[in-house]
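In what comes next, chain A is part of two complexes: it sits with chain B in the first one and with chain C in the second one.
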Partner chain A sequence: MTLLEVRDLSVQLQTKTGFATAVDRLSFTVNEGEILGIAGESGSGKTMTALTLLGLLPQHAKVSGSAKFNGQELIGLSSKEWQKFRGAQIAMVFQDPMTSLHPMLSIKAQMTEHMVTHLGISQQQALVDAEELLADVRIPDPKKALNSYAGQFSGGMRQRICIAMALACKPKLLLADEPSTALDVTVQAGILTLLNRLRKEHQLSIIFITHDLGVLSSITNKLLVLYAGREAESGSTSTILQLPRHPYTQGLLDSLPQPDSNEKLLKSIAGFPPELGKQPIGCAFAERCKFAAATCSGDELLPTYLADSHKFICAVDPFAGLSINQVRP
Partner chain B sequence: MKDLLARRSSSEKSGGLRGNSLSTFVIRRIAIGILLMLGITLISFSVTQLVPGDPAALNLGQSAMSDPTIVAAWRAKYGLDKPVPEQYIIYIDHLLHGDLGLSQQSRRPVSSDLAEYFPATLELATIAIFFSLIFGLLFGVIAAITRNRWPDQIIRFVTLTGVSVPTFWLSLVFFYLFYFKLSWFPSNGRLDPGTDAPSTITGMYTFDALFHGQFNLCWQAFRHLMLPAIVLAIYTIAVLTRFTRASILEILHNDYVRAARAKGLPESHVIRRHVLRPALLSIVTVAGVAFGNLLAGSVLVENVFSWPGIGQYAYRSSIGLDLPGIMGVSIVVAGIFIVMNLLVDIAYRFIDPSLRHG
Partner chain C sequence: MNQAQPILQLNNVSVTYKRADRTKITAVSGVDLTLNRGEILGLVGESGCGKSTLGKAAVGILPTSAGEITFNGKAVAPLNSSVRSRELLKLQLIFQDPYSSLNPRRKIGDQLIDGLLNSGVNAEEARESSAKLLERVGLSRTTLTKYTHQFSGGQRQRIAIARALTLQPEVIIADEPISALDASAQAQVANLLVELVQELGMSMIFISHDLSVVRQISDRTAVMYLGKMVEVANTLEIWDDPRHPYTKALIKAIPRPDGKGSMPLELPGDVPDPRLPPSGCRFHPRCPVAIAECSVMEPKMAPAADRWSSCLLNNELRKVGS
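After this line comes the complex of A and B, so read on.
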């Protein structure tokens, strides 16, 4: 069943020179119990998309389009109405666990405050539940942890606490914004395993945001690749990773370090994404793309739909009809 | 200033405060404070020696000055005939016995002068800092949450005026307007002319009168306090407002505030619990310094309102090169700042409980 349905979502942010489009007509859906991965470089609009779904965009940002959560339209809610969704129905885990926990409030205070607000339970009950939640995310000695402060935990432990906090009010959708990027690789794996287990046990849907396709491949069902605020390619994770059709997705995959490669240098995509507000009409990736042709710029490009809801937006389609061995020898 | 404060609080967080019990922390700080006071006596003693001018000439009349035996006798009475290092050692020896010497101006022990003048200032400064904290915090929070909208603009205009207007000018204007023209407040001094002061317990008239059940006297003393206290508070309110606004806006940028909002907490709860507490760390630091400044005497305001406080005493002592008086004031002022710093540091531990967990 569809939990979240986003249609033509656009976000414009106020800059010194006027409004700049940060998210450009995005559409995607998230089904119950599904993990959608959103991939892209920094500035591609991943985080802005997540913040839109929580109503936490900066003041003066303009939002258009539609985002229906369980059939209820989110865009245009008042701040009072947003408060009922945030934390209760849709929760978020942020990138940097070192800064997203309050340094001066005890874990106890931070774990229970929104439980009391949203669930209407007593502080005592909230404490009992909080202890269980901490145990569930494998925090050793949860009772002691509740009376501690953020500064007493390592990064990985703090992120586990953030996850427990996000799940405290049993939300249906979890927005995970690069939750493992700031952590060591071994700790990262632990967080991914934890999220996957919690998804199953809590019937949770997750939007997992990262620039790391390697991470996304291991836990997501569906992928959405963003470039400069626009969709480049989307579809099921296995299809896209096997045979990407957009040169940008291909570039991201090529940029992953290959342990068995003989090459001395890591591959990367040359150039930089366009600045906010300076995206060209047509394909924003064209100027970095080695397959770029005259048809790439000037006009709005139309998406190409393939089987298995695989979709991409590229005028050249250089990988059409090729098999995986031809694309990635 | 802000840099300095930031550095100060971060260094205290990383080292000094962490993992100590409150009592060892306080004892250590008091010991350091005593050493500091000793250093301050040395510096102020040396500085008063460097100032050109002859205390005898300033304190004795013309005819007395022309008689060398009288001058010599006067110098001998105040120990000024001895070499300077010896004078200092004698002074410290007396100080350790609680004797601050005789004032050459009032011809009374400096300690009894201070005991009379200091409570007057303490009373004034306490009322002033009380107003300042209430209104400074209130306006600062309003300005921060209505950032760049009209309440913020108005508060910015008013506080900018508040910090820019010279306090002595404001004192004169207030005195003229609210006493002379409108008669809303009583005249100069601590009490109406001819009124007896309440018998001394603390030296603060409002408190002493209240203690003796003299409610009318208490009210009278309070009314006399109001005008100078308001004038003093205006500047401090302006400073605290601007500082509160700035530190709240800085805290609002933190990830943990966004995380708190993402939990669906009401905005008022986010401000009260997640923003104000960390902002208080720097606000308390500024308030401590401000209170110290108020206590150290606001010479001009005390002069305009004929307030017999430490500021007036300091002014009179320095005009008369009254060495024991100057030294006495220096020691009191140094003590005030040392105590204020200690109180601020203790307040840190209550505002930020994570400091108490190692």
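After this line comes the complex of A and C, so read on.
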């Protein structure tokens, strides 16, 4: 069942020199119990997409297109109407658990406030539920944790608390924006395992945003690769990571340390992403792309659709017809 | 490589912080480490293991509480109000976060020439050599007259690298130099460091929590846990055949972008409070293969066959275990 259907979503932000396009006609769907990964660097529009789905964009931002959640249009909701969704049906976990919890309020105070508001339950009931939630995310001694403060927990534990808090109102969709980037790999692995278990047990849908393809490989079913606010490639995670068709996806994969390489240097992508508002017409990646040709710029590019909902937008398509061993030797 | 020549040596180094409530935290505890000339040494471990503290002590900006550090045979004295000796200028540190390590209110050129002016170079020459360095790290010389906010994270880290290079260091200690950067900038900056080390004949300690980057760029890898060194070996050996259970756990926790959906393995538990390190082997409460002796006996950094690791099961109890 489709839970979220986004069509031609664009976000324009106000800058000193007028409006700049941060998200450019994105379309994607998230089904129930599915994890969609959004991959991209800073400035690729991934966080702006998440903020749109929470109604948290800056006031002057212009949004167009459609985002239907359970059939209900989210774009254009008033701030009052947003309250029914934000935190209740759509919740978010942020990147930095060191700053997303209030240092001076007890965990109890932070966890129960929105439960009382959204669920209409008593404070006592909220406390009982909060204890269960903390146990669910594997916080040792939940009772004691409720009376503690953020500073008394490690980064991994804080992120678990943030996840418990996000789940408190039983949301259907969880937006996780780089939830494991600030953590150690050993702790990150625990958070990934936790999110995957919650997805299964609660039929939770997750949009997992990160630039780390390794993390996306282990936890997501579908991938959307963004570059400069636009879709570069989308499809099933296994297809995209094993047989990428867009040179940017390929470049990102190549730039990661290769576990069996004896080369000392990494294969980096030269150049920098375009600045906000300065994306060229045609392919935004063309100026950094080693396969770039005359067809890449000037005109709008059309997407290519392949089997298994695999889609990419590249005028050259340098990896057409190659097998897995040729693309990722 | 020829016979290894040590350039920076740490012998039994400990670093202790005093907290406001007068309790002491020993962040680095009796560490031996040698950096050889021309070598890239990766230093890995979880946050709180003391790797940054060790890096700072190694360049002398933190005082040690025990042990000695020598650079080119001369003692690295802690930095204080008196003058830093001239030789120590050849020992430079690059910080993790280029957003805070550069001054937002001063022009980049002014920040770059500070060190040169202090070492007696005239302003014009200092600017010229700074401009050349900026070009070498992939920026234009007009960078000199700009401010840091005009640059992205990757570009700022290049500026920080150029600044560290102004005094032609022999050793660079890079503390998580790429972890605050974006995916494509990470590879660019890591490559830049490797190229510079090779080109300028420097040596580098590359501190990172990302074992896969360390695997690719470093010659040797040192693994730290809670202030102690637990394993030091050639990088490829450590990757193919990790000996210490902690090293094994670190490697298994790395998510791999193979598109096969394999889950990285979690290492349960948190790094313990360094004020109250566990008895015996400091890793034993989290160790999947710990036995009773591990909570009593403290392992020594000792050779197991041809390799160094500090695990009772590899060393002291080897005969008992097998």
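We adopt the following convention: the second predicted complex is superposed on the first by the 329 of 329 C-alpha atoms of A that agree within 3 Å, B and C clash if a C-alpha of one lies under 4 Å from a C-alpha of the other, contacts with A are read in each partner's own complex, and residues count from 1 in each chain.
Just so it is clear, contacts are C-beta pairs under 8 Å (C-beta built on N, C-alpha and C of every residue); 3 or more make two chains touch, one makes a residue touch a chain.
Note that the structure is a prediction, hence the values are computed from the model and not measured.
With chain A as the common reference, chain B sits beside chain C without any clash. Once both structures are fitted onto chain A, a short way to say it is that chain B and chain C open up an angle of 70° at chain A, using Cα centres and rounding to the nearest 10. Touch criterion met: A:R86 reaches chain B, while chain C stays clear of it.
In the superposed model, A:S106 lies in contact with chain B only, and not with chain C.
Residue contacts after overlaying the shared chain place A:P247 against neither chain B nor chain C. When the two structures are aligned on the shared chain, A:G155 is found in touch with chain C, with no touch to chain B. Contacts of A:H114 after superposition: chain B is touched, whereas chain C is not reached. By the touch criterion defined above, A:P259 reaches chain C but does not reach chain B.
More residues of chain A lie in touch with C than with the remaining chain of the pair chain B and chain C.
Contact with chain C, but none with chain B, is seen for A:T186 once the two complexes are overlaid on the shared chain.
Once both structures are overlaid on their shared chain A, chain B and chain C have a minimum Cα-Cα separation of 5 Å. The touching residues of chain C, when paired with chain A in their complex, are 46-47, 152-155, 182-188, 190-191, 194-195, 209-213, 215-217, 236, 239, 249-250, 253-268, 270-271.
Of all residues in chain A, only 41-42, 154-157, 184-190, 192-193, 196, 211-219, 237-242, 251-253, 255-259, 261-270, 272-273 touch chain C in the complex they form.
By the touch criterion stated above, chain A contacts chain B in their complex at residues 54, 56, 79, 82-88, 91-92, 94, 96, 99-106, 109, 113-114, 117-118, 148-152, 162, 165, 169. Against chain A, in their complex, chain B makes its touches with residues 254-256, 258-267, 269, 273-274, 277-278, 351-354, 357.
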